[in-house]
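In structure tokens below, several structures.
Note that chain A is present in both complexes that follow, paired respectively with chain B and with chain C.
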Partner chain A sequence: MALPLPPGLTPPEIAFMCEMELVTIIPRQRLEGLELLGGPLKPLNPPQRASIPLWLALLLKRQRRANIIPPPWLSPHSLAAILKFETEDSPVAFSPPPRLPPLPPSTTVPLSSPFLPSSTADAAADALPYHWLELGSMLLEAAPDDFDDADEVRKLLRGLREARMAKLRQSVEVLDAGGGFKMNGVGGMELGEARSFITGVVDGLRKIGKSREEARKERDRENGYSPSQDYDDDEMDMR
Partner chain B sequence: MDIDDLLAEVAVDTTPLETRDLQELTRAWVAERVAPEILAWPAELMERVLERVRRQIELVEDQTGNLDPKTNFRLIVVQTEVERFKFLVRSFLRARLRKVWRWMGEGKREANVLQVDTHPLHILAQHTASADDDANASHPLLSPAEYQYLTSHQALLAAHYGASFLSQFPNSLQRMDDTTGGISMVDKPDEDAAVFVRVLRDVGEVAVEGTDKRLEMKRGDVWVVRWSAVRGWVGSGDLEVI
Partner chain C sequence: MTSYYDVDAILTDAQKVPCTFELSVPALGFLEGNMSGDVKQGSKVELPLWLGEMLAISQSPSLVSLDHPSALSQRVLNALKADARTVDLRALAPHFYNLGARVLELFEEEEMIEVLSDAFKSRAAVIADQAHNPRGALGEGADFMRGLDENERQLFRASHDSAKAVRTWMNDLKK
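Moving on, here comes the complex of A and B:
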């Protein structure tokens, strides 16, 4: 059966992607290594830290087989600093995304979110990764006891979300038919929410402009000119 | 070369093929869910992934009888992951199928029946072109199964139209891919639709056709841009659709 969904990802699908992000855990039980489809899983030996995909970390957490270490950017201190940056230092653009690792040799496929380790225990503390909102909410829901101050984190995440949504709404003012504007630092869930609106406006403006363009071409043809791109040549001929 | 570069090379070399395949499959899935056009069928990738899924399911089936709690939990982990892969593959295939038969699920009902077979003709033509192109011959647009589905469905539909009403029309009006009058009956997807892309490798200046916009695309950037302006770079893996 064909997929009955409009273009773009749905929120559950964005969360599904986010669950591929690597997070760091402290296992409480041994688990032998596994040959998984997405790559081998190293043996888990408590209390040695390990970085595993979020879906597996949530499964282990639910069965009380591991604790999850929240990424450094998901601490009250970091979030407060980023929130201050979002509201005071950069009132229009989003805060910059985490610094990328150096470019791999051109023969290999460059990795990108969710396969860059941007939410492990040694990730950068000063930038929100692509799946910041989803990952933050999922960890707060599944592992609130692994946070030092879950309520404060929750509050700051909400503040960040509001500040950034306001920016997203403001960005509508720069939309135009030509398409092509930068949205660096946008998050996965934010993009999912804004996608249909933004693409709708850009496409709509383009279609309005297109009909005007077509009409002008039509007029040119009636006047005996060929379509506009040949206009200059025709003029030369007439001289 | 600084320490980061050295680290990066080590890190890349140690990324297992399985993980890179998952990255590619995820990327292909998102691209197919977002892009207005159907994209080239990643034959080798799908072969590898499906083979691995098949082997993993066999493994689960072999060991399900085992009641040892330790093995049991390992199986839960393996099975959970298999389900995730199956979802990814299925959603990817269905997103492609949707483009082959655009009308399905768009809720336009009977009024649209006469228009249904327009995109397939466009895709069929694109597929033939991609298969004829020597440089691309090993990377046709559609998988064998998709091609078979499309041609047989198209044949059934054409026969049905012919029998029910087209044969009553004058010969000159019976074609379904007419281009007279400068308007092609073969409908195309909106190739200028706006998409979000992330830059994976610097591509330099991108010109948007029909406007005087020049976009400087640097690695890590996220852009909203017309699909037609960037599809080449998405195909080459320098940009990814998000």
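Moving on, here comes the complex of A and C:
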């Protein structure tokens, strides 16, 4: 037996990944440049703003050496707008993820989620990034005094979480043994929480539909389909 | 796919299915409580699924013919079609869906696949709600929770555990 953990990531692991996200801080003390594994860090000069990884920001905040500027989407105004969109405008789909920046020229290395500035002070205000729930909870816990209205933000985050989890649970109604439904905009922690349930449902449905699947494979084999065409057939069923 | 040591698979195979003997068999009368006699042709006996299946498919003039188990009778399917949430699957068969899957391997039943899948899906949504609501399993949901089959219990457990893990993480942040 391997580790007795469920498939996927546990919440502490997801939070650990989230700590790579860049956040904006206002340092209160001068700090020499650091050579981190994730790349060099520029020297911190108060009162110039700087973007640093969340784990370092939390550390500096705890030592009272910096103030964290919450990302724009973590303001009561944008959270309320997103919550309204989630509950009223779009009762089924999730609010879309932040738009990707224009593609960099092909010579540079493309950046993916943790390295995109989705949580710094100049992030988009109207969309929830992948790590919204983890980042929001951690910032609210570590730096409630840097928010204008921490209680309101906390309340809205909880409301958003409830609304989106309910959507995620309802979405199993459209699941099929073939699998596949649209999860654009679902966050990391939500995925971690819903993974075991959704995979369980798909497994159960496959068990029930197994005889039909076998029959279809049998039929395809008789008709002389090659395995690659068989795969295409599965793809079609997903839609 | 199922392991030799899978307890759930063994228990599924031990569930009884109604069989009709197509031939008279000497000295098997104890199967229907007739200790010293023969099994007559046409007599109906409830046999475990593994035995019934063997007898039904082993020889070309098959020894017995299988029938649907009572847990998957038309009456039950109609009830599932009407409202799957109110059916007590556990009372019908503790491994209801596994039994259904095994029976579907033996019979071609397009409709039963549909009915079982839809029932599973609509019940899964309720299970998820109950798993995330810490009081759900005790309050008004208790009757529903008692009627879950073994697959659904595992599903409930999995989604309850993941919800609990997230809650624990959130509480740990406060320390």
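Everything that follows uses one rule, which is that the second predicted complex is superposed on the first by the 198 of 239 C-alpha atoms of A that agree within 3 Å, B and C clash if a C-alpha of one lies under 4 Å from a C-alpha of the other, contacts with A are read in each partner's own complex, and residues count from 1 in each chain.
In this text, a residue touches a chain if its C-beta (ideal position, glycine included) is under 8 Å from a C-beta of that chain, and two chains touch if they have at least 3 such contacts.
Since this is a predicted model, take the numbers as computed values, not measurements.
Q: When the two structures are superposed on chain A, do chain B and chain C clash or fit side by side?
A: On the shared chain A, the partners fit.
Q: Counting only touches as set out at the top, which of chain B and chain C does A:Leu56 meet: first, second, both, neither?
A: After superposing on A, A:Leu56 lies in contact with chain B but is clear of chain C.
Q: Return first, second, both or neither, reflecting whether A:Asp146 touches chain B, chain C, both chains, or no partner chain.
A: So A:Asp146 meets neither chain B nor chain C here.
Q: Looking at A:Met165 after the superposition, I want to know if it touches chain B, chain C, both of them or none. Which is it: first, second, both, neither?
A: After superposition on chain A, A:Met165 lies in contact with chain C alone.
Q: A:Lys182 contacts which: chain B (first), chain C (second), both, neither?
A: After superposition on chain A, A:Lys182 lies in contact with chain B alone.
Q: One more residue to check, A:Asp126. First (chain B), second (chain C), both or neither?
A: neither
Q: Tell me which partner A:Leu34 touches in the superposition: chain B (first), chain C (second), both or neither.
A: The first partner, chain B, only.
Q: Of the two partner chains, chain B (first) and chain C (second), which one does A:Arg195 touch, if any: first, second, both, or neither?
A: both
Q: More residues of chain A are touched by which partner: chain B or chain C?
A: Counting residues of chain A touched by each partner, the higher count goes to B.
Q: Rounded to the nearest angstrom, what is the minimum C-alpha distance from chain B to chain C in the superposition?
A: Least C-alpha distance after superposition: 7 Å.
Q: Where on chain A do the contacts from chain B and from chain C line up?
A: Common to the two interfaces on chain A: residues 177, 195.
Q: Give every residue of chain B touching chain A within the complex, in rising order.
A: Touch list, chain B to chain A: 4-5, 7-9, 11-12, 15-16, 18-20, 22-24, 26-27, 30, 33-36, 49, 52-53, 56, 73-74, 76-78, 80-82, 84-85, 87, 91, 94-95, 97-98, 100-101, 104-106, 190, 192-196, 198, 200-201, 206, 208, 211, 213, 215, 219-226, 229, 237, 240, 242.
Q: Provide the residue numbers of chain A that touch chain B in the complex, in ascending order.
A: For chain A paired with chain B, touching residues are 1-5, 7-9, 13, 16-17, 19-20, 31-32, 34, 36-41, 55-56, 59, 63, 97, 100-106, 108-112, 114-115, 177-186, 188, 191, 195, 198-199, 202-203, 206.
Q: Which stretch or stretches of chain A touch chain C in the complex?
A: Touch list, chain A to chain C: 6, 10-12, 15, 137-138, 141, 165, 169-170, 172-173, 175, 177, 189, 192-197, 200-201, 204-205, 207-212, 214-215.
Q: Which part of chain C faces chain A closely enough to touch in the complex?
A: 97-98, 100-101, 104-105, 108, 110, 113, 116-117, 120-122, 124-125, 128-129, 131-132, 151-152, 154-155, 158-159, 161-163, 165-166, 168-170, 172-174
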